[in-house]
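In order of appearance the chains are A, B, C, D and E, and numbering begins at 1 in each one.
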Amino acid sequence: MKSENIRAIKLVRSTSKLGKAPGHIGYVGLKDRMPSRISLFRYDKNDVMEFVVDSEIDSFDSSYCSLLNVIGISDESVINDVGKAFALNNLLLEDVMDAFQRPKIDEYENHIFGVFKMVYLDAQRKVIIEHIALNLVPNGVILFQETEEDVFDGVKSRIKNKHGRIRERGADYLFFALLDAIVDNYYVVLEDYRDRLELLEDEAHENPTKETAKKIQVLKKEILRIRKWVFPVKEIIVRLLQSEHPLMSKDTKLFLRDTLDHITEINEDIQLYREMATSIMEIYMTQMSNKMNEVMKVLTVIASIFIPLTFLAGIYGMNFEHMPELHYKNSYFILWGVFVAVGVGLLIFFKRKKWL
Amino acid sequence: MKSENIRAIKLVRSTSKLGKAPGHIGYVGLKDRMPSRISLFRYDKNDVMEFVVDSEIDSFDSSYCSLLNVIGISDESVINDVGKAFALNNLLLEDVMDAFQRPKIDEYENHIFGVFKMVYLDAQRKVIIEHIALNLVPNGVILFQETEEDVFDGVKSRIKNKHGRIRERGADYLFFALLDAIVDNYYVVLEDYRDRLELLEDEAHENPTKETAKKIQVLKKEILRIRKWVFPVKEIIVRLLQSEHPLMSKDTKLFLRDTLDHITEINEDIQLYREMATSIMEIYMTQMSNKMNEVMKVLTVIASIFIPLTFLAGIYGMNFEHMPELHYKNSYFILWGVFVAVGVGLLIFFKRKKWL
Amino acid sequence: MKSENIRAIKLVRSTSKLGKAPGHIGYVGLKDRMPSRISLFRYDKNDVMEFVVDSEIDSFDSSYCSLLNVIGISDESVINDVGKAFALNNLLLEDVMDAFQRPKIDEYENHIFGVFKMVYLDAQRKVIIEHIALNLVPNGVILFQETEEDVFDGVKSRIKNKHGRIRERGADYLFFALLDAIVDNYYVVLEDYRDRLELLEDEAHENPTKETAKKIQVLKKEILRIRKWVFPVKEIIVRLLQSEHPLMSKDTKLFLRDTLDHITEINEDIQLYREMATSIMEIYMTQMSNKMNEVMKVLTVIASIFIPLTFLAGIYGMNFEHMPELHYKNSYFILWGVFVAVGVGLLIFFKRKKWL
Amino acid sequence: MKSENIRAIKLVRSTSKLGKAPGHIGYVGLKDRMPSRISLFRYDKNDVMEFVVDSEIDSFDSSYCSLLNVIGISDESVINDVGKAFALNNLLLEDVMDAFQRPKIDEYENHIFGVFKMVYLDAQRKVIIEHIALNLVPNGVILFQETEEDVFDGVKSRIKNKHGRIRERGADYLFFALLDAIVDNYYVVLEDYRDRLELLEDEAHENPTKETAKKIQVLKKEILRIRKWVFPVKEIIVRLLQSEHPLMSKDTKLFLRDTLDHITEINEDIQLYREMATSIMEIYMTQMSNKMNEVMKVLTVIASIFIPLTFLAGIYGMNFEHMPELHYKNSYFILWGVFVAVGVGLLIFFKRKKWL
Amino acid sequence: MKSENIRAIKLVRSTSKLGKAPGHIGYVGLKDRMPSRISLFRYDKNDVMEFVVDSEIDSFDSSYCSLLNVIGISDESVINDVGKAFALNNLLLEDVMDAFQRPKIDEYENHIFGVFKMVYLDAQRKVIIEHIALNLVPNGVILFQETEEDVFDGVKSRIKNKHGRIRERGADYLFFALLDAIVDNYYVVLEDYRDRLELLEDEAHENPTKETAKKIQVLKKEILRIRKWVFPVKEIIVRLLQSEHPLMSKDTKLFLRDTLDHITEINEDIQLYREMATSIMEIYMTQMSNKMNEVMKVLTVIASIFIPLTFLAGIYGMNFEHMPELHYKNSYFILWGVFVAVGVGLLIFFKRKKWL
């Protein structure tokens, strides 16, 4: 079921870190541990280079803009190496390796560090939530991600494209571009939710079954849970816009304003979809109760017509010796007339009352 | 169905722009692409001129107040030409061409740029939502709109009227007048909603059917959705009022305060209508359940009267050899008396209990 | 129906002003047009004079405190004359003549202008909503009202009373006194609502009928609608208290704090009454469902007792040749025993289950 | 009924003060008028004196800390005398005599004036709401209360106790101590509510009757109404804490912070109890509907078993000449077998479906 | 029942402290009184010492970082001794001994005092709520707790570990570490709630019984109540972060930001779980009503089929002399045909209507 993945995200948190010192570096998450792999993009207006980093990690060359991409966050030694090369705080490294960390932004003296959740649909349209850490340092960005899979293809191809604007701008623009890609992908999941909402709405109107209720509830729960990872991002971007940090230029903030617009819209849409799910549940309940009412009405009408008639028939089934009607020649036929009259009369009565 | 149009507005967003660089200029929307047409109004106290612009676009003549009206936003070359003529930012042009852009206001050094949704009813009273971009530049306003159809006839006729106050005032007043016309038209849609709410309320009270519930839900959904486009406008106007931008004069802000009053009222009304829709749904549910209760009561009364009587008749239909009552001369008639007595007794009982 | 009047208030707005320039002066409202009548109160510590003004209007004499009372707001020429005499802005005059204008306060350089809704019960306890505009100018107040009927009798009699404190104070105190009278009258309507709520609560508890639900819904709608006109007043008074306008003295603000207390209480009460209306609707639903349950229980008990008995009787009504029981002498009487035993047994069973 | 007292509190407001000038001094309330009685406590570190004041009232002696206790607020002459002795504003005296006045705090140049509602349970555990006015003046506090009954016994005994800290501190500490006693007593009423909520919760779970719903609704209404008098107190204490008034010392504010904690907790509890009341109503509805469902199931099962059997019996009660089964020797016994088989079969079917 | 413990926490408050002076020191709580035991940890980079303190208490040695751990808060003399040794305010000591005190933080000139609730699961997974007071003084922390049981094992073992970072840092880091341990343990209780929610959700979907509703309500109430103790902690940490108190270093605030992240997440989760509990209740109601509908449908179908058939059979059970059908040879068999036809016809009708 689609919601499994989201549910799983929260399962280990409380037990795995309890009693550990803050700043203790160790992987917290649900993925299998695997060795991290590091690649490095280095570009300026004229050149783009891509390296696989497997020896020592150096800090960034100041004549380029660099993107250090660390794939896999469960390998403590690699994370530690990166931390040493860029003089990163232990608290920060702890957050890098904690797949349950809530989205946040922390400004340090000479870098800006953010944690986000990348949300996307895989090939089976299952919602995947992945932990991302972005670190804006002088002359580049360090990007930590849990798996190979990501939403940064667009950014990378724009880096490779000689005429891309990204090539002419600094590390803060790269930081923004990666964040923007993350936010833009929220739309994909929201669109999936909207499609399902609309299918469910039609189902609730046209053909409500027990399954419909369950599906609405599952979707509602998914929306409740995705909200947790997406809502804090707005506050983060607002804080970035207000920040006076020297690494974040005015120019890039102009672009960030656009991202703020998007995340604002996304947050509003999440709220909207929740209200719509509630609305659809209401439609479902109404339809179910309408359907039930119809069933009950048929019983009412059939029972109300035949119960009195059966009584009448019962009377002439009695074995009293002295029942004059039994001996009249036409009583049987007259009684049939009464049967029909009573039946038709009740039918008309029900019709008038608009019960049929 | 009326809600179709609103639903459609959101359909392409996520897929069409994913992976594009911010500031990438290209049409995003649901309309067919068509060449843009440009017209230019130029007026001062004494003269009004109207041109069709089909050659080069110049920046505005400082001795007049000008309105450059670009109809059709899917023609990239024209949008680009306008952008170059007035030195407009690419991010801004992107917003101009994105029919899904949320309402917003951005202040640039020498112009103020706003995106709005024009909402109006067409001839078939269908709700039309159209993307509008307004750009206040020195000596004039650039107005981008999706189609020929708009809500600015009043403004244009006031420009043509020699004694209109608009003729004596600057570009910021023109900007305000266009914005005010957009906001005023929200009232028309709200009035349509109110009319439908009142019809539905009467229907829910007098003659609730399954269709009623559906109509209430559709209306509620429409209100939820229109809210998305109208709510942000209030914040925009508040920001305009607080702005210290040299292009926006104190005098014009006096008029904008009025527009703020209107949009505040509109937002409150949208909330009010939502609450009313919920209320009407409640009325509907109550009415349906009352109706059902009435149906059930009739069954109860008929069954409760005739089931015991049928039992009595059943007794004397038994074929025991020794049933003394069968041989008494008057038992049949006495039994009829019992039938009537029991029936009437139960009827009185039910009447007393106020079930009839 | 009581709610008619409130509903009507909103009907023309959208169509009547669409496309008009802001500041266009013309009556907007539902009352018949009639010529305005103007009267002037002029008082100081020693004297009170009352004039009917039918010639030219002068600005106020600085040695008195004056109240210019314009009754009827549909007469453009009179409103214009007043405007000229006191150099009033066109936007302000437009608000004076617009009976749909939302409550607001605007501070101008040398006057303070406020729009309010006077709400009171007429002789038939119908809720009347009337448009009021108050303009505090140097040495006096201009009061515009729609009809003769108003809530200012108390203020006027205090002016006429030689020892009234109002006689010793300036125009700002008069402004406050009129505003205070408007706010105090909101209590009357609220009291009417509370009385109706309490009647409805009793009705819902003791004797709920279909009418009860309708009455609750109507009251809830009325409360929703009155809220619209009363809620903005609190913000207005807060703004007056914060204002540094020279026409508003510190001393008078002391009194205004009291009015703020009152309007705060009124707003809280409106919220409270809404919650109570919802609560009463809940009571109604519970009572209806309890009532229905009782009806259903009776059917259940009667049917559950007699259906099995009828089956038993049916058995011995069968015509098989070989049914030994038919020929035993006492079977009929034994069967009666069974009937009674089964019936009583089921009754006891139901009693135990607390269904009776 | 317990709620009577609370309901009564609001009854006269709107009519009794309408049209009176602000600052008009006169009793507004529901108690019988009675002459006020005044007593005076005067204490310092060494001495405590208690006087009955029946002649002239003097302002406070500066070498002691004094508490002037005015019992009964309907005696205008006494209130006026006190007002004159301490140079109190008429607006203030009006609030003293208005038992409907909302809780508030007003700072004057040389005194701090507060209105509160004392809430306590009387011997019959009925909720009593009483109007209290506290006036902190130099060297003492003036305390106005409606009746003899109050919650200040603790404070008074601490004054009389030679070692009480209150004896060493100034008038502002006395003011705080009285306010603290009022706030502490809110806990008593809340505790009563909580006890009733818990009883109702058990009742709703174990033995819901029609009375249960009524009791829940009454309690909910009481909570809604008590909220009105208690909620504003938090804001008042916050304002006192922020106040720079010379009469309120820093030391006393340290104690007031504790009172703020308490009132914050009380307000949260009131909200909590409202939510719990709603929750209990839900439990009640669920239980009632479960109970009804059980009743309906029994009908269903009995009817579903016996209706088909009755039909079978009916068949063999028919009088056709040619019904072969009637003549077989064992048909009657076979039919009994069928009866049992059908009955048991249906029972098993229902059991499987978990309807029994 | 699990909720017992939580419910008990509030029971004595109102009666036990009423009328006592603020700052009155005395135990308020539900635990049995027992003598307090005091132990002292004293550590620096090189050494850790642990003492049992049973004679006089000294203030802290400035060359170490100390943790004074007072277990048991009902022993007034010990609390008073500690108070004297560190010159603590009486108001503070009152809060230490009041197990019902709401979480709070108070900054004094030379110490920072906080009250919290420690929440953990005992061996039987029962929720235990325990009162904790933390006092940050120069060179150490004073920790008051109700019982031996606590959540500080991790902190203590990190103190004992020579390489723990805590050994190199000051008293404010120790204060933070204890607070962090308290907050981290909230996750354990939340996880327990989440597990129960998920079990209940499955139960509501698959096998809803009357018990399910009760369990959901109990859980909802527990969440409502735990919220009361956990929610204020966020505000406390925010205030600590904004504090300029010299005892709280910038470095430690860096760690506190992490704790803020956690408590924010915890508060959001509590809200989320409440919404989920409401959602599950909805699922339960839907399932119950679906189940009931199914039961009713079976009755409807059986009754609707057999009632008309029984009527038919009843007709031919009548004893009229002249009933021609009775004498035809095949009428009985034809009637059987009619029975089958009507029965099958109705079945098909119901099938078509999707009632089966």
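We take it that a residue touches a chain if its C-beta (ideal position, glycine included) is under 8 Å from a C-beta of that chain, and two chains touch if they have at least 3 such contacts.
Here the structure is a predicted model, which is why all the values come from computation and not from measurement.
The set of chains in contact with chain C as well as chain D is empty. Remark: rotation between chain D and chain E after Cα superposition is 70° (nearest 5). Centre-to-centre separation of chain B and chain D, using mean CA positions: 42 Å. Chain A and chain B have Cα centroids lying 26 Å from one another. The multi-chain contact residues of chain E, meaning those touching 2 or more other chains, are 289, 296, 299, 303, 307, 310, 314, 317-319, 323.
In terms of inter-chain touching, the protein chains here make up one closed cycle, each touching precisely two others.
Chains in contact form a single ring whose order, set by starting at chain A and proceeding to chain E, is A, E, D, C, B. On the chain C side of its complex with chain D, the touching residues are 153-154, 157-158, 164-166, 177, 180-181, 184-185, 187-188, 190-191, 194, 198, 205, 254-255, 257-258, 261, 264-265, 268-269, 272, 275-276, 279, 282-283, 286-287, 289-290, 293, 296-297, 299-300, 303-304, 307-308, 310-311, 314-315, 317-323, 353, 355. Interface of chain B with chain A (complex): residues 7, 10, 13-15, 17-23, 91, 101-102, 104, 106, 210, 213-214, 217, 220-221, 224-225, 228, 281, 284-285, 288-289, 291-292, 294-296, 298-299, 302-303, 306-307, 309-310, 313-314, 316-319, 323, 325-327, 329-332, 335, 339.
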